[in-house]
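What follows is a set of structures to go through.
Two complexes are shown next, each including subunit A; its partner changes from subunit B in the first to subunit C in the second.
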Partner chain A sequence: MFLTRYTWRTGLREVLLLLVAAVWWLPIYFLAVGSVKPNEQNFSSPFALPSRIDFGVYSQAWKGSGNGTLGRSLESSLIITIASIVALIVLGSLAAYVVARASNRLGNGLYLLFVLGIILPFQLAIIPTYSAFRHIHLVGNYAGMVVLWTGLLMPLTVFLYTGFIRALPRDYEEAARVDGATRMRTFVRVVFPLLRPVTGTVAILTGLIVWNDFFLSLVFLSGTKNVTLPVTVYSYVGVYAAQWNLIFATVVVSVVPMLAFYLFAQKNLIRGFTGGIKT
Partner chain B sequence: MPWAWALPALFFLVAIHYVAVAAGAWYAFTDWSGTHAGAKYVGLSNFRQILHDHTARTALVNTVELAVSFVVIVNVVGLVLALTLHRTLKSRNVVRSLFFAPVVLSPLATAYVWSFVFDYNGPLNAFFKAIGMPSAQTSWLGSPTWALWTILVVLVWQFAGLAMVFYLAGLQGIPDELWEASAVDGASTMFRLRRVILPQLAPALTVSFTFMMILGLRVFDQVMALTGGGPVDATETLATQVYKQTWVYGRFGYGAALALVLSLLIAVIALVQLVVFRARERRL
Partner chain C sequence: MASVTFSGVDKTYPDGTRAVDQFNLEVEDGEFMIFVGPSGCGKTTALRMVAGLEDITGGELRIDGVRVNDLDPRERDVAMVFQNYALYPHMSVYDNIAFPLASQGIRKSEIRERVTKTAALLGLDEHLKRRPRNLSGGQRQRVAMGRAIVRQPRVFLMDEPLSNLDAKLRVQMRAEISGLQQELGVTTIYVTHDQVEAMTMGDRIAVLRKGVLQQLGRPEDLYDHPANLFVATFVGSPAMNLFEVSPVEGENGLELRIGGRRIAVPPEAPAALREHIGRRIALGIRPEHLLHPRRADDSAPRLSGEVTLVEMLGFERLVHIRLRATPILTEDVLEVARDIDAGTLDRAGEGHVMAVARFDPDVDVAVNSTQDVALRPEKMLFFELESGRAIV
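Let's look at the complex of A and B:
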């Protein structure tokens, strides 16, 4: 089974696997054709290609009903995701730099404090956070979501950055310091550009988590115009029950940006997920 | 050291992790209703109620059943995919991307596609009818027996690609000589799998099992999309109960108690698993 030669048995295995992959993608096929099919065909012939292609449901879904429209929640998802990524990168890289370069006890203690946050149970933290946010008017708006995500994903961000910075030689920074650059200037001009690979990983992983989140947006944004895409999809299903072409159109809008992004940044993404294994 | 640079991040960390977790644990012992009325200490009363509440007990059993079966199946599927796709196949890169793609897609949105698949008039029942097994047609999402397992199917579909990637990363660390030596010795496939490959994969196994266990115990989106917890509590999980009790029924204290139970469950199961796996890693 694990030979490196390509025999007829390997060929058989290849065909079999391609078949399994095709079945794996069937739901994505239903989604793609289901949104442009006349709705009755989704049930009469779910496997068939559409008899005629109709993009009409997209404009209907875009205008939406009631609170969030698809267009508006696409905007909300983008704003919340991008702002959270930027906040995490700026604050996380600065903190990690301090933690990584302070080789004393205080530095190690800080590192532990940050990393322990990864395993602290967020579901327990959300209930008091919600009531505190209500007091300081951070429920129902973008600012609250960005603050929430910056706090929740900070441990992961600092963990990734610290590991990378620790492996980075100090020579460049020291050279810049000798030349008379301030600490901040050295960080911005010399260190941060060197962090590009890990900044990419942080942006991809945290962006994926924030973009796809349903639970926190449901709790913190429900009932406002600022809901993100998953919450809008959730409320559309309630309104358009059994109108699968319309539901599929909303699902497509929330899934396509990620799928496109995946095709574009696949390697980086997979590396981000497996970073923890290669010890 | 410019210690001040770490302060903003530290502030967010302490507020949203440490302070909030401590406050959440405190609320679990109160009767707080989320209003300004304040919270009164009620001891273990919330936990006693969890034990006596039929819905909460069902949710606990469902969560464990779902998480354990998910962890086993997703890892078996992921491992088989990784072993098949490690080398030799010409299309391996394309196929890997195909299996990994669901990992990056919104769990809630894709679960709705699955609710179409499982619909009584949907493709799955149409398929059974077409292959001459009309008796296999059933209302998958409306049946107390099947509904929980539809959620399992969706979870495995979404995350098998991630398990695969964990194992592929582990397989890359196996030196070529080891593959070839065991092939030349003429060892059987099963023997090589158990004695040569699995020991080398031990770190990947630990990571994948722990990660998937936590994912499984926290399952929320798929349940909300497919069944909403029904029919008659048959698919309630701890995470859906935390949400409903707290934000739908306004029982913040009771919701916090459920969240504490879920957190402890995750901590205990993940920790036991980690210790067992690390111990085996050392023996191998």
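Let's look at the complex of A and C:
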């Protein structure tokens, strides 16, 4: 009864929450409005609504300048991100299954090794990695980026999957074994489908990291046509002046796929974090 | 179908816990064998060893004469029903039942035929497209059964399959499983801690305690001739009444001293009782063998005590009587008491035993009144106190 009554306190709380929401929306407002404003207005009156709406920058960005076009870098970002996610899910879930179900000592040892991989900063090894990748022709192409990301994010993936698998009752696997399934069939048909919530979490977390990355794409892809969106955005920042409307348009385009994916997989993401299987 | 043979089978965990100790048993072809015992007695471990889910530390396990100690579960051709059913939650009922067949690489048309037949046998036809979470407890149980029988395995293994069902459904499923087993004639090992299930379902029962086989026999053998105090107290509900007695030489032959009284030893009593003269032993008598005086012979030995509770069950009346006698508090009895109801031993008070008599419903007994009970002489059982062994 108390909770359902609308008092002045409830009203105040609502106003406060709306204000907080407005603050959170401010950057998105800037981004959306800034991308359709004439560039000079972005400097003269950055908060104002656009004097005229101009979608021309989107086509200009699409055509591109210099190395990357928006279309091409969107394609690069998508290929690298999707391929990395798939590789991480396939290899990470298998690795985590072994780690989670290995005998206690071995399992714990392997788990620790992967956790260590999360803690250590990869930047420490960037120069030797670059040099090694160049020797095996993995610099400047998609395959190299996918290998790089799969390696870098494997510890996080295994960490997430292992926690989930450890909480999964062994009964399903035992039932499958008695039912005559091989270890691989047990994993593919019984265990992996049960990992759906955490697979969603892995896909979104790793996908966001790969999609938003600037540093590694700059190091490993710059100078080629395969650069990803963040590098393309950077190419619009000139030494003396930045084309903010162009930058904003590129950012809007780069945000949309991730946002769509998040909305699509939101339920799984939350379940993956909270854990558990409903039978 | 096949026989299952345990020859000196051991299971010791790395921490030294002995779950199964020198287990010897032969489950015959087509037999319905029950493993029963309190929690932690090793019955599930023994079952899992047959399934191949638990390594065997020592001894030999054979299915149809072939040693299977080192075989993978899928090479053993056994099917198992788990306590919580372990139905694959992401698969439909059809896919759950079809899974073992698909794992064997059987053609889809044959899978369809066999799944449909099994579903019809279990009354699951209408539910084939549903997911396990949308089924009732009884339906889930049937799906688990379906997954086991669709393969036509050599051995069925069932790990407390009815423990998650409510009482009424349990009675129904009990009959269904028994009927199904008889129809299919497949060798079955059924694990339970419920001795009503054990008594009603099995051809033979193996009673386990702390990993050791206590007694193996037909349900009536276990009930009428328990091998020791543990089996005597574990089998039967309400449990067997136990009193501490001491055989003494009286004027008219052997007598039993019980709570300050003396009763004559019936002629049916085992001759070996004489070897225990002057020693303390246990006298056991089932509730239905404590008779209302009107229903007993005049010669039957009697005890008397205060009625503390009368439970009317319709077809019988359970009368709880506080008798002056020394209770049996050996570890065998206490373990069962702890497993069933830890409070039973405390309620009688010092120097008293809370006995339960099973009277006809038409016999009127008032609470707080003094009631005589007659012991059926030929049904009195005797046990050594130290070893717990039956005196025969």
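General remarks:
Basically, the second predicted complex is superposed on the first by the 231 of 279 C-alpha atoms of A that agree within 3 Å, B and C clash if a C-alpha of one lies under 4 Å from a C-alpha of the other, contacts with A are read in each partner's own complex, and residues count from 1 in each chain.
Simple rule for what comes next: a contact is a pair of C-beta atoms (placed from the backbone, for glycine too) under 8 Å apart; a residue touches a chain by one contact, two chains touch by 3 or more.
Computed from a predicted model, the values in this text were never measured in an experiment.
In the superposition on chain A, contact of A:Ala175 is made with subunit C only, not with subunit B. With both structures placed on the common chain, the touch criterion links A:Arg185 to subunit C but leaves subunit B unconnected.
Touch criterion met: A:Thr150 reaches subunit B, while subunit C stays clear of it. Taking subunit B and subunit C in turn and counting the residues of subunit A each one touches, the greater count comes from B. By the touch criterion defined above, A:Phe114 reaches subunit B but does not reach subunit C. When the shared chain is aligned, no partner comes close enough to touch A:Leu12: not subunit B, not subunit C.
Common to the subunit B-facing and subunit C-facing surfaces of subunit A are residues 277-279. For subunit C in complex with subunit A, the residues that touch the partner chain are 51-53, 72-74, 78-80, 82, 84, 86-90, 99-100, 103-104, 132-133, 147, 151, 157. Residues of subunit A touching subunit B in their complex: 1-6, 10, 13-14, 17-18, 21, 24-28, 30-31, 34, 42-43, 46-47, 91-92, 94-95, 97-99, 101-102, 107, 110, 113-114, 117, 119-129, 131-132, 147-148, 150-152, 154-155, 158, 183-184, 208, 211-212, 214-215, 218-219, 229-230, 233-234, 237, 244, 247-248, 250-251, 254-255, 258-259, 261-262, 266, 269-270, 273-274, 276-279. On the side of subunit A, the complex with subunit C involves touching residues 169, 171-172, 174-182, 185, 189-190, 193-194, 196, 277-279.
Contact residues on subunit B toward subunit A in their complex (touch as defined above): 1-3, 5-6, 8-10, 12-13, 15-21, 23-25, 27, 34, 83-91, 95, 97-110, 112-114, 116-117, 121-123, 126, 157, 162, 165-166, 168-170, 173, 179, 183, 189, 192, 197, 203-204, 207, 218, 220-221, 224-225, 239, 242-243, 246-247, 252, 255-256, 259-260, 262-263, 266-267.
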